[in-house]
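Each in structure tokens, the structures are laid out below.
Across the two complexes that follow, chain A remains constant while its partner is chain B and subsequently chain C.
Now for the complex of A and B:
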């Protein structure tokens, strides 16, 4: 059936958990594009038949016209599916910049295709230049903290890092008292957890 | 009006409806499995996805039949006990398809039937969302259409957010986008 593969592509988006990213399905994506080219060829050959019959292409309503219309509709449908696939992925990629930061972990990076990586880099650069103009980091927590410091536990070996007010050795399972703004990015990357109570 | 990029709208339009061709069409033999040549004859009855049937109906090339999920049998079952009918199995986009198909087939009873089915099931969806145990995927979820599943999830997440607000908890969490999976070396 026409549009079947394109719909599988979109179904992939609807089956994943909300906000998660799956690997870019290059294989299926290319198959849909090939299908579009096939529709295009059919469409052209049907239009040629109408023209060779000496009929006016604007007003003819014969079997060839409806065949051509079906191929045209299938082409448009495939286009919509491809566009929706790319568009909905870019939404997720934008939110990655806000939630994870300018550097993506390896396992996420692998799921993007080349142009999506470029898109992420450019989006990130645009956001950074805007933030440096404002001299304000917009990606930090929106709720004002009760205490500028929080207690955290390190979940992974991070090593020595230079933070704004100290340079602790962040070994795994160690606990620290850090500035919230410093800890935030480590927590969202899953390298630390906040201790409460 | 749903957007051009809306995933659910695209998926909904892939539901099949049965149509009768009022004209012949060349070069599209794939649509009719019974066709001997590469064309569809006038008067042949085929199953087409909604996106195609809808456009062809506008061009007066096909006439659309009412899909099976809106037939008398389903209506009787909904009247008997709306909440127990397995609508997902009949059509996962029951309400959306119903809204779009009603003007095409000119059946004025579909609208009130949809409303009746929805109000009958809505109460059930909400009370189950608040009372069902967390973590286990409940059995009744398989009866819900896509729309009802969204409602159910919304009710669950607002309940979870309320509990979190009341009890308090860490402000910062690992970004959900990274997935729940822990790293293998943990």
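Now for the complex of A and C:
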């Protein structure tokens, strides 16, 4: 049935949890593209039949015309599904830049195809250029602040770090009282955890 | 904005008021609330943002000064907290606008909404649109048959830009359609 594979692609988007990326389904994608080419060939041959029959393409309404119309509509439907698939993934990729930072860990990079990796780099560059024009880092301070300082426990060895008001030695399992904005970048990378309560 | 006469121990309350609770913070809060609630992007408050940034910078220097000359740490941390909250407002305001720009890229660039963006936002929007177009062309459009390669038109026989704004490629919508098709296929 026409459009079934495209439908599967789109369903993949809703089956996963929001914000998670699955590997780019290259096989299914290529199959849908092939289907589109097949539709196009059929469409062209039907149009040729109409023309060779001496009838006017714009106004004829015979079986060939309707066949061609079906192929055309199926093609358009596949196109919309493909665009939705790619576009929706880019939305997730954009949110990754905000959550994870400018460098993606290996396990996420494997799930992107080449074009998506390029898009991520370009998006990251555009964002950084905007932030540097404003001289403001927009990726920190994501939640309304409760306290200016928070207690954190270090999960991985980081070593000596120069922060805005202190230079602590961030050894594993040590606890520190850091400024929220300084600690946020480490927390988002998973190197620290906040101690609440 | 005078820092008033501090005697080193306590800061007179009217100087505190004039330092921190200027109406600009209220204006910033109002602008932030408006931007958060409105579905479309509003006019960029260039003057307000510029003034807020200057005041934040001033406050940062003042807080540093107080921290160094040994003022009561509670007072310093209260100033710091207020400073943090204002910074959060500023950052969140800019972030929300960026999100709206990303979501409605094509629509904004084609209507008068473009004039509501700041210069830097316009630059960002242009770059974003270019990258998105390049990505879509590379992944999908260049592999489709001739006549179906337009980003805005479904095919060259379309009269208008009927691909919709890119934000209408919402997978949820298609999932519903596809799911119904799938169900109907199951039933038969």
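By our rule, the second predicted complex is superposed on the first by the 173 of 197 C-alpha atoms of A that agree within 3 Å, B and C clash if a C-alpha of one lies under 4 Å from a C-alpha of the other, contacts with A are read in each partner's own complex, and residues count from 1 in each chain.
By definition in this document, a contact is a pair of C-beta atoms (placed from the backbone, for glycine too) under 8 Å apart; a residue touches a chain by one contact, two chains touch by 3 or more.
These figures come from a predicted structure and were not determined experimentally.
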Quick one: classify A:40 as touching chain B (first), chain C (second), both or neither.
second
Tell me the contact category for A:123 with respect to chain B and chain C: first, second, both or neither.
second
Under the stated touch criterion, which partner chain does A:74 make contact with: chain B (first), chain C (second), both, or neither?
first
Give one of first, second, both or neither to describe whether A:183 is in contact with chain B, with chain C, with both, or with none.
first
A:11 in the overlay: touching chain B, chain C, both, or neither? Say first, second, both or neither.
both
So, A:1: does it touch chain B (first), chain C (second), both, or neither?
both
Check the residue A:110 against both partner chains and state whether it touches chain B (first), chain C (second), both, or neither.
neither
After the superposition on A, what does A:20 contact: first (chain B), second (chain C), both or neither?
first
Based on the A-chain superposition described above, do chain B and chain C contact any of the same residues on chain A, and if so which?
1, 3, 7, 10-11, 13-14, 80-81, 83-84, 87-88, 141, 145
Can you check the complex and tell me which residues of chain B touch chain A?
4-8, 10-11, 14, 23-28, 30-31, 39, 49, 51-52, 55-56, 59, 61, 168-179, 183, 186
Chain C - residues contacting chain A, complex
53, 67, 77, 80-81, 84-85, 87-88, 90-92, 94-95, 98, 102, 120-121, 123-124, 127-128, 131-132, 134-136, 138-140, 143-145, 147-148, 154-155, 163, 166, 169-172, 174-175, 178-179, 181-182, 185
Using the touch rule from the top, collect the residues of chain A that touch chain C in their complex.
1, 3-4, 6-7, 10-11, 13-14, 33, 36-37, 40, 72, 75-76, 79-88, 90, 94, 113, 115-116, 118-119, 122-123, 126-127, 129-130, 133-134, 136, 138, 140-141, 144-145, 147-149, 165, 180-181
Chain B partner, complex, touching residues on chain A are 1-3, 7, 10-11, 13-14, 19-21, 42, 45-46, 49, 61, 63-64, 66-71, 73-74, 77, 80-81, 83-84, 87-88, 92, 95-96, 99-100, 105, 108, 141, 143, 145, 150, 155-156, 183-184, 187-190, 193-196
